[in-house]
Each structure stands twice: as structure tokens, then as C-alpha cells.
Amino acid sequence: MSDDLEIAGASLRSRLFLGTGGIASPSVLAACLAASATDLVTVAIRRVGPDSPGSILEVVRDHGARILPNTAGCHTAREAVLTARLAREALGTDWVKLEVVADDDTLLPDVVELLDAAETLVRDGFTVLPYTNADLVTARRLADLGCATVMPLGAPIGSGLGITDPRAIAAICDAVDVPVVLDAGIGTASDAALAMELGCDAVLAATAITRAEDPVRMATAVASAVRAGRDAKLAGRIPRRESALASSPTEGLVGTG
Amino acid sequence: MSDDLEIAGASLRSRLFLGTGGIASPSVLAACLAASATDLVTVAIRRVGPDSPGSILEVVRDHGARILPNTAGCHTAREAVLTARLAREALGTDWVKLEVVADDDTLLPDVVELLDAAETLVRDGFTVLPYTNADLVTARRLADLGCATVMPLGAPIGSGLGITDPRAIAAICDAVDVPVVLDAGIGTASDAALAMELGCDAVLAATAITRAEDPVRMATAVASAVRAGRDAKLAGRIPRRESALASSPTEGLVGTG
Amino acid sequence: MSDDLEIAGASLRSRLFLGTGGIASPSVLAACLAASATDLVTVAIRRVGPDSPGSILEVVRDHGARILPNTAGCHTAREAVLTARLAREALGTDWVKLEVVADDDTLLPDVVELLDAAETLVRDGFTVLPYTNADLVTARRLADLGCATVMPLGAPIGSGLGITDPRAIAAICDAVDVPVVLDAGIGTASDAALAMELGCDAVLAATAITRAEDPVRMATAVASAVRAGRDAKLAGRIPRRESALASSPTEGLVGTG
Amino acid sequence: MSDDLEIAGASLRSRLFLGTGGIASPSVLAACLAASATDLVTVAIRRVGPDSPGSILEVVRDHGARILPNTAGCHTAREAVLTARLAREALGTDWVKLEVVADDDTLLPDVVELLDAAETLVRDGFTVLPYTNADLVTARRLADLGCATVMPLGAPIGSGLGITDPRAIAAICDAVDVPVVLDAGIGTASDAALAMELGCDAVLAATAITRAEDPVRMATAVASAVRAGRDAKLAGRIPRRESALASSPTEGLVGTG
């Protein structure tokens, strides 16, 4: 039975999205894409030239993954909308990972500008995947505006702190009907597994993979962890108990049992 | 390149050990063994009759895994040593998972009795894999006595709380030269991945799998998680940072970059 | 040397604010006020009749604390502004604890409506103390609008979960120049101490005190904890170390030393 | 009503014990003792000369606190017993804080040597307060041997990490009948409050106070926190809830209510 992820009518087999920021070279990227088997790769549209030979975009196209341009570096709705439109022109996709950050130190989303930009872009026919904070109310507003997913952060971008408030992520998963993608904060495999166990539909990892000592092995690791967390969620975990529970009944002895 | 786990001269491909306590039936066990691809299965020697047809032992033998008898239910060194000897007779293996618990409520190891039993069994030629608490000093003593591994708990048996003191587990991994196997506490996949990332060489899961709503899917999940955590450890994770780090350099604009 | 808290020109000796929701009776409230020595008490303006004899307001006035009307139960900026104006009329204070929640299940702030209401009320001459989420960017916006404080939540109202994301609270304290008051989530004394250690200027406790088994003793406890956390912050704590550090140098022996 | 702590027939008003390791000078110690109002001060018997003028001991005696010699730096039962006897001779007290550490890097207790020393010293008429790990079974053994208290660590000595496994401490408090004193790990005030809330009867702080930037203010802070945590425990905290609970009923409006 298929367990594909549906976003805006598209079907993705892998629930791991890859970010390309920090990647050492196109050839390392190619190896990471192969190792992770990802179907969706996000690229900063302000950074890449869409036609540069041997570029990131070419590698992603060769791998066969969908390209998700992002608006990294935008601080206002206006900038983000402009960047999204440039991306649509240049790359021929109306999907956009919408990032509107308040400043370049915290890289935290500015939810006012974000909601404004999301509204404009949805109205303009974009398929909008917004990077947001771990606030249920904002996530619900984004979903209500017609965003295709919500992408709450687990922790600040590039921090590798994992998911600093797991309850907040689980609450978002319960509250919205669109897919929830954990974005930002992933430091290692167990963080990705936890995200899926909390109810996320997918995980985006960038720095955790691209800046690991061995990016390809980490790509393998995070991909396995996403599958592990997804399976664990669907398998129905045992409840947490404050006290012990014997797993081995102890009546009987060898020879008598 | 092989990444097999060596214990007392034996080579194990899988770093997931399975406990059988709480399993619903031999056929569910068979499916879990297949899903997990485990090479080592522990059975409570006081519980199983070694020759009962269709029994747990038969299923494990058919799967081709090594059987690791355990001394679950023993409260003193004397009892545990006796049980280990019965197991050796009955099952033809000198491997034993040594459990000596202080009481049936907490199921916590009694380290005094444990050290006593370990010393006797090592002298007696057993390959001893002791279940212990998350105390570095006791773990080091067990290793110094000649135990083949140390198996610290992440949390009380059957609690599903995961690893309540990750620093203690990491410290044990740093301090001893024998393989460290996380035993007890695993509730779901991310716990197993974390154990491996902390430096454990393997993970034992019992209740987390056998009592999950869908044990076979959870066996798949935990097996993936163990591989994910192992790969992540070897890949060299990014450092944790208290503040954000841009993954996408933002100089340049489409058309200009 | 005084360590008073200054808010909008007013000087408060106590850094513990009290909420009255859930209080059993006016006499229990009176005892809690005495035990806590609080200088600021918040009351839901939609709940109390300002002139009812023996009422909460009378008890607060007798204690000599400032009354801080709140807009609990408001879901839109419009409702909140109306309620604030009613409160100003009825109670003769232009201070208002601004609460605009998204729904009655989560009781989480709706930051869009909140920012809208804050802007209106500041323009209208109110001294605005907004209840907000633990988002640095929203907190900075509220401060920039001219709010007198920001009051981020530690955890959902009434949950008693403490501070689920301590880094987020510390980041807010670093980022804004107005006093930061931890609002919502406090379950017990250590939560209040932690809030102050993270850099908060004050703590608001309501349910933690009013619904404790012994509200008066808990008022004493939380008041001590706020002072403890404040002193600890000012005293400059030791750094956290991953390994041990001997506190007792061990050179020398009795008789030789 | 008195809430004194009884240990071996002695009555202590303060539930904060002070360690002296790392103190800058006798005069700072005197100020810390005054600020904390402690009744029990532990000193490393291997370090202090009991008769040196202006010494730590003199300061403690002037303050009126009981002196609790400790066996810091001892690695075997034999050494610890010898040191305890020297202390009894020199200081005229049969109270001893029994420390037997496995090595000078981790400073973790060696429970085998510890239990051995405790048994000898109890038989020898000492009032034994043993520093132990956070293992319930070892704590119960120490209590059963006749120790006057058990003193589990919250985290490694001098680490300032607080209480790394709160469940383990709470479980010890539930399991033993003698007073439980949290020893080691305290980094700041909230850690001390938490220890008391978990059920500890007292807290020992050393490095957290002596090495703080302002030791006297930190002594005040930790003393307040211990009282806060004790009061909070006795007051009966609200239960933790995974979802919000309105503290302010919202029926009614001003003028209509």
C-alpha cells in the first residue's frame, strides 16, 4: 500500500525534503540526493543563477526531484512576493517555499509579513509552502489562507538543536488539515524521527546534511530516520509509563514450565 | 565496508537485539524477526520450555538468529548463576544476558548482586552481557570483570520513556572498551536512533515492539532507526549552536547572480 | 539598594503579579495577597462587577495592590479594545493586560489581532501589557508599538507545564528593552525561579496559586521563588560543564595539611 | 508549626547545607553563612587543618552551624573509613559525609566501596550521610545499612547541570524512609527549588554558591529557593495538563455580570 505524501495534487514518495544551502559542491549534492532518495529539493532563488552550467539546479533536475524555490533572505512581504514571481518566471514552477525573516541574526519568520505574502501569493496562483514558527494559531491562519502545507521550525535555522518544543509541533499537527513539514532545527537523525512521530508529514533537512562531516552518510541517516519515524507513528507506540512493567513474565522455571 | 558488531568473537550484522517478552504469538514473532532482520534474540529462560513445539525458540532458530537466554526474574546472584547454568545446559550456549533485579516493582538492577553474579559467571566461562543501570562506574567494573558488553538502561523496563539521562549513557560509551548496548526504556524509533547517536553499539528493544499496536511495523521502524542513528554517529553531526546560522547565503539576486 | 521594577513610570517592589482566576473566595484571595506581597493583581474585566460588595476588587484595593484589568475572553482586536475601554471607565486605570486569544480550547494568543489591538490601545493612551506567545519577533513588534511590557507565555494557560522552550524566553529577554513578564504556564515554584533566571523581569502566576491544594502556602512559595530567581540571575551563576569539577581540593591530609 | 528537618535526632531549621570547597576567603564564607542561614556546613577533612586560626572551621563555628566533615578525595572504603576516624578525633563529631569516588575525573561514587565503608562506619557508631548516585536500589541499601540520610547526586560534582534525571530523584524520595539530601549538580536557584519539589528533604550546594560571581547573593538566592521548593511541595501543586485550562471564566460582561 502506498504511503505517498500528497501536496497540492503532487505525489511524493519520499518524506524527506532537502535544502541545498551549505553544500560543498554539485557532486556532493548529487551523492546526497542519491543517498536520500528525496523527491523535493529547495534552492534559494536569490543565490542560484538558473542557467549556470553544472549548477545546483542541473544536479537536482538530473536526480529527477522537484525543485522548490525559496525566498530566503527576504525581509518583507513585498520582497518575498517579487522573489517568488522571479522564481516562477525563471524556473517554470508555481511552487514556492515562502520565507520572510525578521532579521539576519535570528532568521525567525516575521509572521505579519509572512501572512501578508502568503495571502498575495495564494491569490496569485502559487502553491505556497510557508516557513513559519511553532505557533498553532499562525499555522492555522496559513492553512486557512490556502497554503499547501505549513512548515514550522523545530529550532532556529542552522542551530541543530532539534525540536525545542515538541508539544507545540504536535499541537500544530493536530490542528491543521494540510501537511505539516518540520523545517529548520534538525541536527541529526533522531530529530527527524521525532518530528515524524509527533505527527509531521515530512521533514526538511539542510545544514544537518550539507554541513555534516560526511554529508552523504548523513543523508542516508536522515532518510532512514524519516522512514523510521513515519513507521513508528503508524505502528502505534506503547504508552509512556512512570513505573516499570515486566516484559518477561517470570512464572515457571526451565524444566518445570 | 562491513560495519558488523563484534561481541566475544561473534559477528552480528544487525545492531538491533530483540526481546520476546510480551509477544502475542509465535507467528507475530516470526514476522517481527523478519521485519527487523535481527541477529540476536533474548528469551527469558525461566519462561520458555526449550522443547515445546511451535515455541519461541523454534521461531528464533528458524529465523537464524542467535538465542541469548536471560535471567529475568532473578533477585540474587545465586539465583541468576543457577538460571544461567540451566540455560547453558538446555540451550547449548554459554552466552547469557545477566539480569539481577532488586524487586519486581522497579525491575532495577541490584548492582551488588549483579557484580557478584557477573564475576562468578565470567570465571565459569560464560559470555556475560549484563543489564545494568546508567552508572559509569558500575559499567566500568563490569567491563573490568570480563563481561562481553555492558547493557545500561535508558529508563525503567517497559516504561517507554526513552533515555532519561542521555549524558549518562554517552559517558558510559566513552568510558568502557566493550560494546555498549542500550537496554530498557526504548518506547519508539527516535529513542533507538538517539541511543546510537550517543555512542551505543547496539540497542535492545522488547516491549516497544512486542506491545506496539502493530508490532511488525514497529520492528521495521526501530530497525531503520538503529541504522539511522548508527549512520548519523559515523557521519559526524553538526555542532549545536545557540543562535541561528543562515544555510542559504543571500548575496546576489536571480538575474544578477 | 532598591531593585524595584519600573513599568510605565510606576515602581513595583514585588516582581510577582497575581491572577485571580480560579480563586476559591475573597478571603482566600486576601490571604494569598498577604502571603505573596504582590503589588499588581490582574482581574478579568468581563467577569467581575466592579462594585459588587466583598468582591475581588475590594480585596485587592484593601491589600493596596494596583489593579490590572485584563481582556480575557476576547477573540478579536475590536472586542479587546472595547473591553479595555469599559475597564478604563469602570476602574479608573489606563493600564490593561491585553489578551486576544484565538479560541477557547488552546487559549493561545492570536498575534494578528493582538498587534492590531495593541496599536489601537497605545494610540488611545493606554498602558498596554500584552499577553503573547514565546516568539521574539512578535515581542519586538509589541515593544516597538509602545507596549509597556511584553508578557510571553511559558506554556498554555492553566497547563502547569512550566516553560516548555526556555531558549525562546531567554531570547525575548535579550531582544526587547521593555520589561518581560512570564505569563501563563507556571505550575510551581521552580518554574517561577527559572523564568527569572532566564532574564524575565517579573512573573505572573494565577492557576498555580489559586488552584493549588493550599493556595496561601503556594503564594508564599512562588513569591520566594521569584526572589530566588531574581537574586540568582543577578548573582551570576556558574557555567554549566559537561564534566565534573572537584569542589574540594584534595591535596594534604589532616595532620599534614 | 515547625518544619525542622530531623537527622539522627538533631533538628535543623534550614534545609540548605553548604559546601565550602572553592570559597574565596573566610570572610566571604562568613557572609555566605549569614546570607543562607544554614545550620550544616560540610568541610573536606583532608584539606583543612582543624586548628589553623581564621580557618574555615572557625568561621563555621562562629556562625553556629554544625560541622559535617566529608571524606572528599577518598577512593576506597579503607581510605574513607580512616579519614572519617581522623575527622572524629580532630573535630569531635561522629557525623560524616561519606564520599568514596571512583576516580578524580568523574568524581562519581563507587557504590561498591561506598556500601562497604558505610557498613563499617555505621557499625563503628558514626552518623553516616553518604554521597551516592541517583540509583534507588543503592539508596535503599544505604538506608537499610543504617545511614542517617542518603545524598544522591543531581549531576556530576561541579557541573552545574542541575538534576539531569528528575524521575530518578523522585523515585528515591518515594523509596527510602530516611531524609534525602540532593547533593551535587546544583547550578542555580531553580535547581534547588526543583529538588525540594521532587521530594528531597534538603539540598547541599557548594560550587553553585562559592564560585558564583557574587557568592553572597547566590547564597541568598539558593536559600530562598530551598524554602520556595519546600513550600511548593507542601502546598500541593496543580496537575500538569497537556492542554489549556481557562483561569478566567468569561461569562458575563462588565455591567451585566
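Which chain is which? They are A, B, C and D, in the order written, and residues in each are numbered from 1.
Here is the rule we go by: a contact is a pair of C-beta atoms (placed from the backbone, for glycine too) under 8 Å apart; a residue touches a chain by one contact, two chains touch by 3 or more.
Protein names from UniProt, one per chain: A, B, C, D = Thiazole synthase.
Everything quoted here is computed from the prediction, not taken from an experiment.
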item: Touching subunit A and also subunit B, the following chains; value: none
item: Longest centre-to-centre distance from subunit B, chain (CA-based); value: C
item: Cα-centroid distance, subunit B relative to subunit C, in whole angstrom; value: 46
item: Geometric centre distance via CA averages, subunit D-subunit B, whole Å; value: 35
item: Junction residues of subunit A, two or more chains touched; value: 106, 108, 161, 167, 242
item: Touch-based graph of the chains, sorted into line, ring, star, complete or other; value: ring
item: Inter-chain touch pairs (all); value: A-B, A-C, B-D, C-D
item: Residue ranges of subunit C touching subunit D (in the complex, touch as defined); value: 19-22, 44-50, 70, 72-73, 83, 86-87, 90, 104-108, 156-161, 187-194, 197, 206-208, 210-215, 217-218, 220-225, 227-232, 234-255, 257
item: Subunit D residues touching subunit B - in the complex, by the definition given at the top; value: 102, 106, 108-112, 115, 133, 135-138, 140-141, 155, 161, 164-165, 167-168, 171, 175
